[in-house]
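Labels run A, B, C and D following the written order; every chain starts at residue 1.
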Amino acid sequence: MTDDIKATAKGSPGVNETRIRVRYAETDQMGVVYHSNHFIWFEVGRVELLRQLGFSYKEMESADDCFIAVVDARCRYKAPVRYDDMVVVRTYLKQVREKLIHFGYELVSEDGGRLLAEGETTHIVADGQMKPRKLPEKYLRVFRAAAQV
Amino acid sequence: MTDDIKATAKGSPGVNETRIRVRYAETDQMGVVYHSNHFIWFEVGRVELLRQLGFSYKEMESADDCFIAVVDARCRYKAPVRYDDMVVVRTYLKQVREKLIHFGYELVSEDGGRLLAEGETTHIVADGQMKPRKLPEKYLRVFRAAAQV
Amino acid sequence: MTDDIKATAKGSPGVNETRIRVRYAETDQMGVVYHSNHFIWFEVGRVELLRQLGFSYKEMESADDCFIAVVDARCRYKAPVRYDDMVVVRTYLKQVREKLIHFGYELVSEDGGRLLAEGETTHIVADGQMKPRKLPEKYLRVFRAAAQV
Amino acid sequence: MTDDIKATAKGSPGVNETRIRVRYAETDQMGVVYHSNHFIWFEVGRVELLRQLGFSYKEMESADDCFIAVVDARCRYKAPVRYDDMVVVRTYLKQVREKLIHFGYELVSEDGGRLLAEGETTHIVADGQMKPRKLPEKYLRVFRAAAQV
């Protein structure tokens, strides 16, 4: 990455950077990563951002009966991503409400920080029966603080 | 599907309807289809719309050196999709330009036509080396006609 | 398919034939279907064989608390499978015991019946908590009859 | 992992250990990792073993026109793998011939080294047109040495 991106990321507790090595299975016959995989990487980024904020999404589901179900997902593809590339997923909270969470993402190449893709996802907070519920206070407080960074 | 949706689809050469049976592999531990799979189904819909218009995307790549690379993809999720459900992918051309194609999609349940998701993708026309190129005339003419329906 | 394969399949209630159109997402940069997808197609075949035998695997799980968890899976790849090919999955029961089910598979090309791959999977019968259990009698009887064909 | 497994792995240049965090996308509605994903993890292990031996599979394809196409793949599932688990993929060379390579795999849990799955894959050496060819000498020498460890 370019230095300024690195600086931003490292200086901010509200941005997670996770490195992902592109798998052969993720490529298609065009010789690049198939475009639906970017959304899987976004999800990896979300989970790691939560971990960075002190939470386990696994426990959020199992202990707190709190799921964040995707209601909107978007990705803009800026450059092809290739097999064996190391990709950095930068994930941050854009907006946090009691029943709605909005994440933003940037995929950048590890060498040089070229922007490969950017996107966002919107999630509603739901219980295990998929009924809308409020985000428990402990998450809400930390997520809101992270979103304001 | 409700009758009016069916009517629209069947009456229009510019809309393709393809049925997809949800695979076990496409579900996640929330008990519903994982959200990145919707984009794979959109792609299935695109290919079948092209076939309905008289083209094979396979030949478009191999014979005409013409690829349509995704530059923007979005999905809005309206209802959970479950294992073994039969989903109808409705695909249509929203806008066609010499170097840019814009598709729209609706996923509806086969029984009753409940809207499950809707989305759109934007594609640039490229050659095998991923360089932008114009859409060959034979496709352009038919795509434009289909988009105006 | 060649006529004799067709004959076998059509004449036998114990063999299911399901056609699958290869998706772009299933290819890799070698220009062929990535090898883990064959196992997903096997699963599609299993579900359709069950349906042919009068059962819904979905209900087997939800109504009878009966899961068939894979304990062994194998595939031998005979020929590359390519994008947009129509593949026929031939699925049959090899052996059925109270707590163990053994399926066999052949993937053949729709045009000409060339053998593309063959494989088998072994499953234990389990409840929703993944504890081993016996296959309910109604399944056992029909599965055994189908395996003897 | 248990200490003895760790010792074997760390003491041996012929065994690669790669850690993989289970993604939400890799689970299914049974609440465990869907079984075809194990083969994708095996592939990740192969690539990392090659890297450990001083090679890049990416360059093996692009610079040496040398592909290793799967002709046989098998996995025995010993224990369910769950979301967010950290899995260790242990990959080693079982047998190396001029035109055929045989890899072995163990998946073990990071905490405690419980065996989750074990498997093997057989690959033929091929060029970009999928024609069989001999493994270039530089790979053959190193692979054979690694297989004898």
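For this structure, a couple of remarks:
In this section, a residue touches a chain if its C-beta (ideal position, glycine included) is under 8 Å from a C-beta of that chain, and two chains touch if they have at least 3 such contacts.
Remember, predicted model here, so these are calculated numbers, not experimental data.
The set of chains in contact with chain A as well as chain D comprises B, C. Ranking every chain by how far its Cα centroid lies from the centroid of chain C, the top place goes to A.
Averaged C-alpha coordinates put the centre of chain A at 26 Å from the centre of chain B. If you average the Cα atoms of chain B and of chain C, the two centres end up 28 Å apart.
Inter-chain spacing, taken between the CA centroids of chain B and chain D, is 36 Å. Within chain D, contacts with two or more other chains are made by residues 24-25, 30, 32, 36, 40, 43, 83.
Note for the complex: chain D touches chain C at residues 30, 32, 35-37, 39-40, 43, 67, 69-77, 80, 130.
Against chain A, in their complex, chain C makes its touches with residues 24-25, 27-32, 34, 36, 83.
Put simply, chain A touches chain D in their complex at residues 21, 23-25, 40, 43-44, 47, 56-58, 83-84.
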